[in-house]
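Below you'll find the structures, each written out as structure tokens.
In the two complexes below, subunit A is the common chain; its partner is subunit B in one and subunit C in the other.
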Partner chain A sequence: MFRRRIGRLAGRSVVVVGLAMFVLITVAPLAWLAISSLMEQQALTAKPPDFSSSSFTLANYTGVFAAAAQLGQGFANSFLVASFTTAIAIAVGAPAAYALARLSIPGANAILVMILGTQMLPGIVIAIPLFIVMSHLGLVDTRLALVIVYLSFNLPIVIWILRGFFLAIPPGIERAAAVDGATTAQIFRLIVLPISLSPLFATGVFAFIESWNEFFFALILTRQSARTAPLMISQFAGQYQTVFGQMMAAAALAIAPVVALAILFRNMIMKGFAEGMVKG
Partner chain B sequence: MGTLEQRRRRAGYAALAPALLVLVLILAYPIVDSMLLSLQDLRAAGGTFEGRFIGFSNYGALLADRTFRAALWATAYFTAIEVVAVVLLALGVALLLVHPFGRFGIFRIVLLLPWAIAPVANAVLWKWILHANYGILNTLLTELGLIERNVIWLGTPGLALHTVLAVDIWKSVPFIAILLLAGLSKVPPVLYRAARLDGANAWQQFLHITLPQLRPTIAVAVILQTLWSLRIFDLIFVMTKGGPADGTVLLNFLAYRTTFNFLDLGYGAAIANVIFAVSLVLALGYIWLLRPGLQKAGG
Partner chain C sequence: MAEVELRAVTKSFGKVAVCKGVDLQVADGEFVTLLGPSGCGKTTTLNLIAGLEDASAGDILIGGRRVNDLTPFERDVAMVFQNYALYPHMTVAENIGFTLRLRGIAREAVRQRVAAVAESLELGPVLHRVPAQLSGGQQQRVALGRAIIREPQVFLFDEPFSNLDAGLRIKMRAEVKELHQRLGVTSIFVTHDQEEALSLSDRIAVMREGRVEQFGTPAEVYTRPVSKYVARFIGSPPLEFLSGRVESEGGLPVFRVGAAAFPLSLKTAERLVQGGQNCALGARPEHVLLGSSGIRATVRLAQPVGPATFVTLSWEGGELTARVPGMATFAAGSAVHFQVDREEHLMFFDDHQGRRMAME
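Showing the complex of A and B:
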């Protein structure tokens, strides 16, 4: 009896220590990002760093925009590209997902497998041909090119996740409506969509975050006016790599909106994505 | 008019058509085109592309290319270590989080943070943490008496690759943990109750219930993480640009550099297709693992 109690106590301590280490290791780097974005350059380069209250300032945040006046443009570009890609992916993907889940399309499985397969492919494979096409069309360095290319990873994932949600709707309601004479389009628009608002929204948030954070295609397809926030951050960090506080302020600004979204919608995102990926 | 079934099917085609059209244009066409590009000597000069068909010469050149071979080995090494480390650590984290102590909402937020932050911001942050002179990591290690001289994390061949590896592991563990957590939550609790009645201790329960039940999820995690490790780019681009001495040039970065810095598009496409081929095999494995779910949904 006594020995078992000691065993349980030891087990609990392992769990507590493990959880503490997990939180510390995950959060500490991000905390350092926030803290150093609020500290003066001199305080950061002192040995050891000077953490007295006089070291803290908001100057880095104002300084970032002064040093890189186009940063605002970058955020606007990111917002527009992410919003449009997400809206198109949902508008085109939701009907397709419903058709694949419910409308007995011949070869639905083959289509699904291909959709899932393309989702796994490395971006570089499509990046080179798409770059050539965009060059011929004169679309390099336009937001339109980014919206189009971002559909290549957003549309498959949107179809995949939404199909899972549509499958989970009890088919009885749709059958009843069909018996009452509703067309398939009416059933989708008037019954399925209204009860799927929260999964639609969660999927949208997911697609928005993925687009906002995207770097690789933006690096290849933009030059000047269509540069997105991640691209500006990387260039800013390359150009002012010794202005540590401002670099962190720029990074903090770029991650703040999506971190807020992720925290607000954490349950939907985790459920939808993790289960969609595992369950199939 | 047709039967109800036929009408539903017709509506289904109409609903599916736009999505398929988009996917063919931005995925299927580029994939096929990438194959064709890799059979050409294609260089970008002055805004135009001059291509000449050369058969499989690009692929032949790959075999003799020392940079490519080094990148191939480095990528294999990087991927193998990352997959093992990430899946083991994520399993540990997931097990901690199913414990009653680990079920507070705050832990779920912590889990999502590294995924949500932009990879570029993450890379810039770690470059600062690892800065040889002013980085907080060297400061901490010095204060703790663990090092005497500053470590040049990103400027030492060999070490740089492992530093990038550690940062990528840090970023990947929470997401794979989410995946494993979803798998853990589906293990029927009755199994544990029965095992406890039979007198099984925590380790035996883990070995004989948790692990077998979790095996499909672990397989999915291994494949997904392998695909993601093969693709690593943002961290390398921001933190090392492939240096020092090409020590962190992994395949995806090499394909990018060959294509968009050296403007050798055909050769770059050939390297990209090597990554594509490996990914395709893995993707097929992933689909094969998911096949019960697909069949259930069969149309």
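Showing the complex of A and C:
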């Protein structure tokens, strides 16, 4: 009895310590980001950094806002690109995922493997061909180019995630609708979509964050007018000097919408992903 | 309303044959139960009739029309599912009216018909709740309402009570039977609960490994089971079988099971001997009578269940259960005598094949 309790306690401690380490590793960069965005350049670059109260300032944020016109354009681009990518990925991905989950499609498994296969190529491999294609199409430095490229890696993930959710819906409900006289399209629209709002939302948030954070393709495919927030932030490095404080302030502003999104809808996101985990 | 007919219907999933040639004729307005253990193909058969699965071979006819290639809706059947399968995001009213809404019927007409159906099922007060806010029995009634509002030719029930507790199950059973008496719609009901099948059905199809083993009235399958399989599946407690042989005792024929000798008529003895001497005997508990004469046995176990007490009798080489009315007490180990009331209540089965041996 006593030994079993010790064992349970030990097991629990391992879990707690593991989780604490995970949280530390995840949160530390964010905490450092927040702290350094509020520090003066000199205090920040001193060795060791000077944490006295006099080295904290809001100047970085006012500095960033001074450059707001430019940065605002970046944020707007990011927002538009991420929103369109997410909307199209869900609008196209959800029916595709449902078809692959429920309809008897010849070669469905091959299609699924092919969709997954697109994820196997590292971005660098397709970067140059992609640039050539986009420049032939006259799409370099357009938001459309980014939406197309972001869809190419978001859509497969959306399809895979949503297919898992749809498979987890008890088939009885859809069968009942079929007996009630609903066509496959009606079953999808009137039954499956309304009961999948949480998973759809969670997947949408996922796609949005992926697009919002993307840096590499934005760097290659944009020059001026279509540049996104992550590119703007990187600009604080190197023009004349690396303005760490302002860079961090801009980064804090860039992650703010995503963090807000996650906090606001955390219940829905958790529910969405939890639903997908429970099979049968 | 319509008759339903299955002709040599088969269904395989890959290499696994689930239905191996099902023949079934359900008359117009009849209540038929498909009864069997899990994996016998009863739910698949129901899905084939509904059109939720495509038959591999054979013909399915509803109202004399071959429906193999029709959608579930075109077959004009309504189905009640095992887990209710209610639409979780719709209210009770929307659940019941969904099928009418799909047909483009005017909102007001839908509302009136939903109200009428809800009234008949005592769902009026919960019309605007969603399924998650209902009790199990109410959810089941919504599922019934969804089927009734269709006014279909055939009702299909797939183990509709399996999620309900015992008390509610009996109540819903009565409701479904009354519903059938009121509407008179041809109904096919799937269950693994023999009591449910006996109490609801006009006829029962006992299924075994993808085929219909016996198709008859509840009285027929209970009193004249065609095989050990059916005999054991129908009736509670399950029938026990006693292996034995025909012998002569003092010039009279008997069926000997260990130390017990069941007296036989000459005619029955002759039939048994013709059919091969090794056979198995079964007798329903209500036909095993305790008394002062007959075969000697000791009481091994007595289980009172309220209206009756089941007394397990044992003797050297055999065991049998008797049903005694009321809450009786028996001391374990006490000596009793018993006999089977009438010879026709002795059921004999071929010991190898398990088929019932014909006595007529």
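Here is the rule we use: the second predicted complex is superposed on the first by the 214 of 280 C-alpha atoms of A that agree within 3 Å, B and C clash if a C-alpha of one lies under 4 Å from a C-alpha of the other, contacts with A are read in each partner's own complex, and residues count from 1 in each chain.
Criterion: a residue touches a chain if its C-beta (ideal position, glycine included) is under 8 Å from a C-beta of that chain, and two chains touch if they have at least 3 such contacts.
No experiment lies behind these values; they were computed from the predicted model shown.
Colleague: Pick one for A:199: touches subunit B only (first), subunit C only (second), both, or neither.
Modeller: The answer is neither, since A:199 touches no partner chain.
Colleague: Could you say whether A:173 touches subunit B, subunit C, both of them, or neither, answering first, second, both or neither?
Modeller: second
Colleague: Quick one: name whichever of subunit B and subunit C touches more residues of subunit A.
Modeller: Counting contacted residues of subunit A, the larger count belongs to B.
Colleague: Quick one: is A:19 in contact with subunit B, with subunit C, with both, or with neither? Answer first, second, both or neither.
Modeller: So A:19 only meets subunit B here.
Colleague: Looking at A:117, would you say it contacts subunit B, subunit C, both, or neither? Reply first, second, both or neither.
Modeller: Touch status of A:117: first partner only.
Colleague: Counting only touches as set out at the top, which of subunit B and subunit C does A:181 meet: first, second, both, neither?
Modeller: So A:181 only meets subunit C here.
Colleague: After superposition on the shared chain, which partner residues are touched by A:63: those of subunit B (first), subunit C (second), both, or neither?
Modeller: neither
Colleague: Following superposition on chain A, which residues of subunit A contact subunit B and also contact subunit C?
Modeller: The answer is residues 178 of subunit A.
Colleague: So in the complex, the part of subunit A that touches subunit C is made up of which residues?
Modeller: The touching residues are 170, 172-173, 175-182, 186, 190-191, 194-195.
Colleague: Sort out for me which residues of subunit B touch subunit A in the complex.
Modeller: My answer: residues 4-5, 7-9, 11-13, 15-16, 18-20, 22-23, 26-31, 33-34, 37, 47, 49, 92-93, 96-97, 99, 101-102, 105, 107-121, 123-129, 131, 134, 136, 139, 143, 170, 174, 178-179, 181-183, 202, 216-217, 220, 224, 227, 230-231, 233-234, 237-238, 252, 255-256, 259-260, 265, 268-269, 272-273, 275-276, 279-280, 282-284, 286-287, 290-295, 297-299.
Colleague: Applying the document's contact rule, which stretches of subunit C touch subunit A when the two form their complex?
Modeller: Contact set of subunit C toward subunit A: 50, 52, 71-73, 77-79, 81-89, 98-99, 102-103, 146, 150.
Colleague: Sort out for me which residues of subunit A touch subunit B in the complex.
Modeller: Within the complex, subunit A touches subunit B at residues 11-12, 15-16, 18-19, 22-23, 25-27, 29-30, 32-33, 36, 44-45, 47-49, 92-93, 95-96, 98-109, 111-113, 115-118, 120-133, 135, 148-149, 151-152, 155-156, 159, 163, 167, 178, 183-185, 188, 209, 212-213, 215-216, 219-220, 229-231, 233-234, 237, 241, 244, 247-248, 250-252, 254-255, 258-259, 261-263, 266-267, 269-271, 273-275, 277-280.
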